[in-house]
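Two complexes, one shared chain (chain A), two partners (chain B, chain C).
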Partner chain A sequence: MAPEAVVGKVFGLRQGDVHDGTSNRTVAAWDSLGHVTLVLELEAAYGVALSTSDALEMTDVAAIKRVLQKRGVEWAR
Partner chain B sequence: MPSASSALRTRKPTAPARFSTLLRQLKDAVPEAVAWLLDEEAAARAQWSASELTGLLQDLFTAAEGCLSDAGTSRVLDLVRRYSDVLPGRATADLLATLPLDVTDAGVRDVVRRVLERQPHHAGLLRVACEGAIRSGDGAAAHDLLTRLARADDDLATVRHVHRVRATVPAAGGPTARIALLSSFTVDFLVPYVDLECRALGLTPQIYVTPFNSWTQEVLAEASELRRFDPEIAFLAVSIDDLVPALAGAPPAADLEQAGDAAVERVLSVARAFTTWSGAVLVVHGFHSAYADPLGVLGGRSPSGRGRWLAELNARLSDGLRDLPRTFLLDVQDVLVRRAGGGPHDNPKMRHYASLRLGDRVLGEMARCYARYIAPLKGLTRKCVVVDLDNTLWGGVVGEDGPQGIQLGDTAPGVEYQDFQRYLAALSARGILLAVNSKNNPDDALEIIRSHEGMVLREDAFSAVRVNWRPKPENMVSIAEELNIGLDALVFLDDSPEERALMRESLPQVLTPELPTDPALYRQTVEALPQLQTLVVTETDRTRVEQYRARRQREQARDGAASLEEFLHSLEITVEIARADDSTLPRVHQLFQRTNQFNLTTRRHELDQLAAWARDPGWRLYTVRSRDRFGDHGLVAVGLVRLDRGAWVIDSFVMSCRVISYGVETALLATVCEAAAAAGAGAVIGEFVETRKNLPARDFYARHGFTADGGADGVTRWTRSLADGAVRRPPWVALVVADGA
Partner chain C sequence: MGALSQERASDAARAPAIEVTRAEQRHLDSLAEFIRRVWDPAATFERVRRARAEAAATNPVEPGRDIPTFLFLHEGRVVGHVSTIPVRVWQASGVRAVHWVKGLEVLPEYQNGPVGFLVLKHAVHELGPALSLAVRPAAHRLLQAVGFRDLGAVPNFLLPLSPARMLERLDLAVLDLPRVPGALRATIRLAQRTGLAAVAGAAAGAATRLWAAVASGPSGGFQTDAPAGLDSDECDDLWRRVRGQIHAGVVRDGRYLRWRYGRGGADRYRFVTVRDRGRLVGIGALREPRSVGDPRLHGIRVATLSDLLCPPDRPGIAFTTLGAATTLARSLDADALLCTASHRSLRGPLRRRGFVRLPGNVHFLVREPGGDGEPPTTLAEWWITRGDSEADEVF
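Right, the complex of A and B next:
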């Protein structure tokens, strides 16, 4: 599952509408509770434990990909 | 890249394994590749195995994730439409969920619907179907699909999505439920789960969450939002870790003792304050801590061990709450121990980062637990559980395996059925009736029920028994008629998916839950049904099974009597009429909540309001008890009368159906008329509001010489002038009227 798909699932967006620039400023549902949901969903989707600092860094899709790569996560591109 | 695709077209049919490679090579020309591929597929489909087809669809899926043109999408849809019965369901659903479908198109929605029939729990496809229902303005279908989606995938992301989307759909109808969540930590994530459970019960919830950690102020302040919201039920979730932050470390025993006292007193004082101004049911979380005992294993030998300390706090909390009206302790540790599904109950990161004291994997279970209070509060408790026999109450088929061949006893296999029967017996002890609806030879089945040593439930445990070869829905209607309760008061438990489907299809009012294939899980499944919970058990509930047995004897007596009048005289009915007091108010309230058929206005008055009227000299709240030579009916009817100047007005008149036609209702009406005449009133006015269910009450006032003379807003007013005398007491009833009534 691509990070775009996870973000789409959490915020109810079609995967095709999610891109690197999609962020907590462009998506209304991406508020603080939405962010917690996103972090939990990313952890579940990739079986990875993200730290609070990771969570704070992931404010857009490009940053999510950066953090996931740092944590050794791979996904089909 | 037309050249590539035309080159491919000239090749002979390609082995399926090659498709993925080809597809990748054609990545830039995806639409054409897909078109070609599908033509090939159409030709070669018959020779492909399911796994090969799955592989093909997965390749398409990958292509779709990248970019599939409109043309490509419509080709895929065409393929699915034509071959939906042979394509692998899961892979097809995956594919459809990913395509950029135009869900406003009726044809597209039809394809989605057909695949969904084969993959009813596919979350991705359910999302697509929801969007389709919403965009086409089908609100009822949208609500149903949203509930199914959250059931199919109950993780936080999906359940929040469902909640968010539901807010955009017109209200589903159904009774509202005003629910307040008060907490010392973040409970916002619980809201979508509680909403979901309410929707599954057919309710439309309004949920108020007190601002972060302001549970005390909201209860105590005179003009709080909570008071304005005026909840019907409130959940108070206070974490001991918030009240005693020192729990993270190892405080001295004396400090811990003192902090524990203060914590219990603080929660109790807020609960007490709440009950002084609110008539709502209050559910208070018991304490649990995220921190394990820092003593480690030594805690099990120490007088100040954490487990023991918490158990004592919870015991004191329970004692204190029992003194308050309408207040319940929710044993959170028990919920955590029993919850289905995995995952930790505490997520330390989220506890620190988001003040979550209940981990995300606990939220669903906690909300289901809440529903067990909400359902009975909203009058959704069912009155009778109807069970199948073979493979439901025992293992095997008695007609084939014989009485010795069935599985039922105190060892496995067979003990799981006994466990299940014991739980049904416990339900019966708190007033829920049991009945049998089975396709069997009556002699075979009754032999087991009467004499098999493994049976827990004997014949007298069942208030109605249908063992025959008739369709089960037909039996169900006849059981409802015999017990004189509505079909919507029944639960049907049957191991057969076909029988369950037939029952849901024929009688949707009957609650027919899914039963797991493993009989060892039957008990848990039934334990989890919110519709079998009760908030109050009255004396009437405890003796209900006995009452229905007496009723059967009465009916046998009627069959033997020469005339109805003779039969009624032979019953030796005594009716006692009194004014409601504290000891009878819970039963009075229960009658108001539960009675649908003989209910003249179906006004669901709340307990507090009823208590106030019972004391108000401007009102009379009558209670009616009845008994006869076969048994005691208990408190069976209630009349609420407003003593207006000149005329007494019967606001409500509610009677349990099991005493209909014995003259009990006439006795009460006569008493009201006599009291009104004695007080100098000129007339008695009865109000009537027609509902779908109160047909048995429709001619009540007409039968007793009242005349309809207008009304408004669905309320008909029936008047009887007392100049014509009071309503005549039924001659076969010995009527005892208490002083003041």
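Right, the complex of A and C next:
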């Protein structure tokens, strides 16, 4: 599953509407609690443990991809 | 959230870029910087140190002990903050220490991330039982996510003292009253545009006074006063008589009332008392009307009845206390008197005094880890007022 799909699922967005620039500034539902939910969903989807530093960094889809790649996560593109 | 919740330990091991912790002396510089950005541009290390020392000295539950404040630090900089107010709470089973959780703030560049959730989670884990009065929906959700139960919005009651002036100036669009019906909003806007607001306001004022006069009935022979201060022993005596009739609420004894409305705020609060054959039976703490500082009010001067204490089984006393508070608010040139009160026994007296019930905007939330001494689950069983958790700081 692509990170865009996880973001879309958490915030109720169509996958086509999610792109690298989709961020906690552009999605109304992406508040602090939404962010924590997103991190949990990413951990579950990719079987990784994300740190608070990771969570702080993941403020948009591009950053999420960067962090996941750093953690060795791969997904179908 | 395995990794997130264990982050503190792992971060600490590698000289933390991130730390979620209770505020200590070593954080004061960074805390002052945070306060400067969020609340007070004049905050300095020394002012913050003095304020914390003074708060500890006057701690109403454990004098001398620091008031718990929790911080999220990123690379040594405070980016998130939660504070508390220690209080004792009366429940039918007795008295125990709890904390109001308040002042959850995150720097703008860190908002909508993990900071708010994690600092709050850390705080409630350390605090145990806690209460909160929260306005913002995002805060309700966060509080519920860390185990608070939302008992609902505490009802607001407003008594227009100068309806003409209020109608002329009221801006419903920017006031945080989401459930005012659309038709009422439209009518008020139309009246403002056509100049009919002053006429309608005068008529409303006359109607309100007429209703209060008709509904008031006999005074009950109580004596009212507006003293400069409260006698602690008399307050203790009144609290002992009242507490047995309420299921739960902050202990409103003499020590608390003097701490809450006397310290530092002596210039902001006025008192009214009601006596029955000389014995104190009712107290009201009125926050002086404010018009400056809140652009939403457009110069409308709203006084707040921040607290009141009267026996639930004698509605005449509540009614008389409200009357005395109204008289005092008028004498202070207030355009309206706001009372936020949860307990069911106060609704009748408020209605009979002509107060209009408005949608509540302050939610009351309770966290009871472990379930010991389970608190009442309905808002109307709690004695909550606007003065609790210093919620009268915001309108």
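One rule holds in what follows: the second predicted complex is superposed on the first by the 77 of 77 C-alpha atoms of A that agree within 3 Å, B and C clash if a C-alpha of one lies under 4 Å from a C-alpha of the other, contacts with A are read in each partner's own complex, and residues count from 1 in each chain.
The definition used in the following text is that a residue touches a chain if its C-beta (ideal position, glycine included) is under 8 Å from a C-beta of that chain, and two chains touch if they have at least 3 such contacts.
What you see is a predicted model, and the numbers here were worked out from it, not measured in a lab.
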item	value
Chain B versus chain C as contact partner of A:G72, first or second or both or neither	neither
Contacts of A:T59 with chain B and chain C, given as first, second, both or neither	second
Which superposed partner A:S51 touches (first chain B, second chain C, both, neither)	both
First (chain B), second (chain C), both or neither touched by A:D31	second
Which superposed partner A:L40 touches (first chain B, second chain C, both, neither)	both
Touching partner for A:A2 - first (chain B), second (chain C), both, neither	first
Chain B/chain C common contact set on chain A	32-34, 36, 40, 51-52, 55
Residue numbers on chain A that touch chain C, as the complex places them	24-25, 30-36, 39-40, 43, 49-56, 59
Residues on chain B engaged by chain A in the complex (per definition of touch)	62, 65, 67, 98, 100, 127, 155-158, 160-161, 164-165, 188-189, 347, 349-350, 352-354, 356, 360
Complex contacts: residues of chain C adjacent to chain A	1-4, 7, 10-11, 17-18, 20, 74, 106, 110-118, 138, 141-142, 145
Residues on chain A engaged by chain B in the complex (per definition of touch)	2, 5, 9-12, 14-16, 29, 32-34, 36-38, 40-41, 44, 51-52, 55, 76
